[in-house]
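Listed after this line are the structures, all set down as structure tokens.
Two complexes come next, and they have one chain in common, chain A, joined by chain B in the first and chain C in the second.
Take a look at the complex of A and B:
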């Protein structure tokens, strides 16, 4: 068994280390952080994913919890991080960030999270 | 993977039922925002390109009605799963190498193949239903002369799977919850075991998992410290009940008893692989005399090699998200 397992595991680990292809992109962390309360209005949204993402097929939106849309700038993407400037200062309240991304292996993922702005 | 029972081999009943988790772990599944990990006691409800290697199981032997103690069982299994289309997959695997203590014995388990189809999935509601038919090919493991021979008969097993994530709920505390379930009916192709002349019963196997995904929590509800953000803790249970061709009760032996295990588990979901461990607690003396363990390392071939080995042979890779 050991004679069988060792070459198989070696082959698999080698494959892992040498393959450049990436995987499903899930949100790893964000600023403002998921579910957090922040004092004062943030100036931008920054979302970091578990994988590199494709600029042309990835985006972010911002709404107040009541549904009012908040303008955000064109997102810029560097590797696995998407950033977008918030168009104007946010009033205190709950906001919903909605994102959709495509990782470089063409897998689509999307999601949303809330954060709260306090005075 | 071996879900066969032999009435004339009572110790093998517990062994087979309690070790099935070793190869029950195959592909993880993504439906909408939900990652269903490859769980240890039952298979997850989707199809994918993955390699479970190794899958380890340990279960102490049960206690027979006459007080005798069955052997402790160990095994190292494996399974390779391949998508044919985004909704159709096949797999090949085995309980692999098995060994026992008290008394000592060892041998190779039979090869098992499976074809699985996803009948329905709803990404928005993180809901999926699938069905499969597996075949454990008799006499493809160790021969009858081995100290631990494989079953000399073939067993066909229809299966159904279901999975549901609760990310569509309003309550943030409940959204990370998911459940999965599996039900199998194993039908031996011969009614009598040629090894010892015992009956080969049909067996109903049913199990479920209750998961609380910190991976989901981190992405969609509340950001967590990094050391917790890729974990999915769960509680799992699986049971097996002989249904027909069981024969009469035999003094001093378990014949008609339902066996099974329950226990906590936890999965780490990495970029290219998953690691899962579980403590399996036997539900009765026929199942085992104390706690055993399951563990698996599962490689995500669709993430390791998405443009070659890890994609369906026909059709585009499966959609991973809600429409937007």
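Take a look at the complex of A and C:
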């Protein structure tokens, strides 16, 4: 029994230790980078999450810090990355990206971050 | 919303555990009771049938409510339940959509089985089949689904399914043990029959606990990506440790029953005087099992440590 269990447990733990899989999708990284300053207007938003996300129930919005809404295109989703084109060139200033996603394990998460556009 | 979701999941888990563990009990504890015209365990079987009808209805109501709450949580609240486009996206545009459709069919089938004019053997076999499918497919509605359509994802689903099935066999069988002990208490040949069903339940529970512990450790490793130290400084860890504490108490009671109460009963001349204490111990074990299900209902919707 022990001879059978030991290799089995070792295989399971090796698998778990070497494969990073965390339930609930949280923002892993983004372009523009969270809290960054970018020179000139970015053309698109790209957000990568810690888990694969579901297209129909995930989205992103963009506002200037003053609250003015900026149009963004329909998001496209590939695995754990959501990409959306920005509707027009951004003037210098601070912008807030708000995202909401549903991960493949049915959990809903949301969040926001800022970036700054410099001349 | 969160409280409603936890309550719904808790009741659902308890109902499906009964639908799996209760009929299974009769197949390993005393299969002769399921034979046509059998004259044994009549009171216990009548209680089992009543409990299964209630559990089947509860599972149908809470199983549908659980799906509705998931959909409301990912869309624009409960108003989205009547939006055809949202429903189309949920059922046909997601990984969990087809599984959800299958689960709705299984819940309906379970409720129908509860009221069809079937023999106990046919009804109980059908319950075990639908509850097995329900316990396995709920893996796609939670953390175990994060692995996606990969070998790693399949391993996570398989480990979750083993954990749920083993736990349902153990906890879902406890009410049957109480029914049987209550019936035996009124029987002249109490000791021999008590020892027989106790030893059979004990063997099943030992196997179930082995699977629960191994799959539970693997499940935890999946959630924390192998870093078990995260359990000691996160909310997810606190909930999981609470669950482990309650399971440890259940195991202590099971150990007492298996290695103290049953041997004492075997040695005592009649054994009937021990049944009351044993029933109390099993009732506490069942109550702890229900608490564990409540903690599991919370754990399943709590974000694991990042």
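Here, the second predicted complex is superposed on the first by the 98 of 119 C-alpha atoms of A that agree within 3 Å, B and C clash if a C-alpha of one lies under 4 Å from a C-alpha of the other, contacts with A are read in each partner's own complex, and residues count from 1 in each chain.
Here is the rule we use: contacts are C-beta pairs under 8 Å (C-beta built on N, C-alpha and C of every residue); 3 or more make two chains touch, one makes a residue touch a chain.
Note that the coordinates shown come from a computational prediction; the quantities given were computed from them, not determined experimentally.
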Which of chain B and chain C A:54 touches, first, second, both or neither: second
Touching partner for A:24 - first (chain B), second (chain C), both, neither: both
Partner chain in contact with A:46 - chain B first, chain C second, else both or neither: neither
Partner chain in contact with A:106 - chain B first, chain C second, else both or neither: both
Partner chain(s) touched by A:64 [first = chain B, second = chain C, both, neither]: neither
Overlapping contact positions on chain A, where the chain C interface meets the chain B interface: 5, 9, 12, 15-16, 19, 21-24, 26, 50-51, 105-109
Complex interface listing, chain A residues touching chain B: 1, 5, 8-9, 12, 15-16, 19, 21-24, 26-30, 33-36, 50-51, 100, 105-113
Touching residues on chain B, where the partner in the complex is chain A: 30, 33, 35, 51, 53-54, 76, 96-97, 172, 215, 218-223, 229, 271-273, 299-300, 302-307, 310, 317, 319-322, 324
Residues on chain A engaged by chain C in the complex (per definition of touch): 5, 9, 12-13, 15-24, 26, 50-52, 54-57, 102-109
Interfacial residue positions of chain C with respect to chain A in the complex: 70, 73-75, 89-90, 93-96, 141-148, 152, 155-156, 159, 214, 217-218, 221-223, 225-226, 301, 303-306
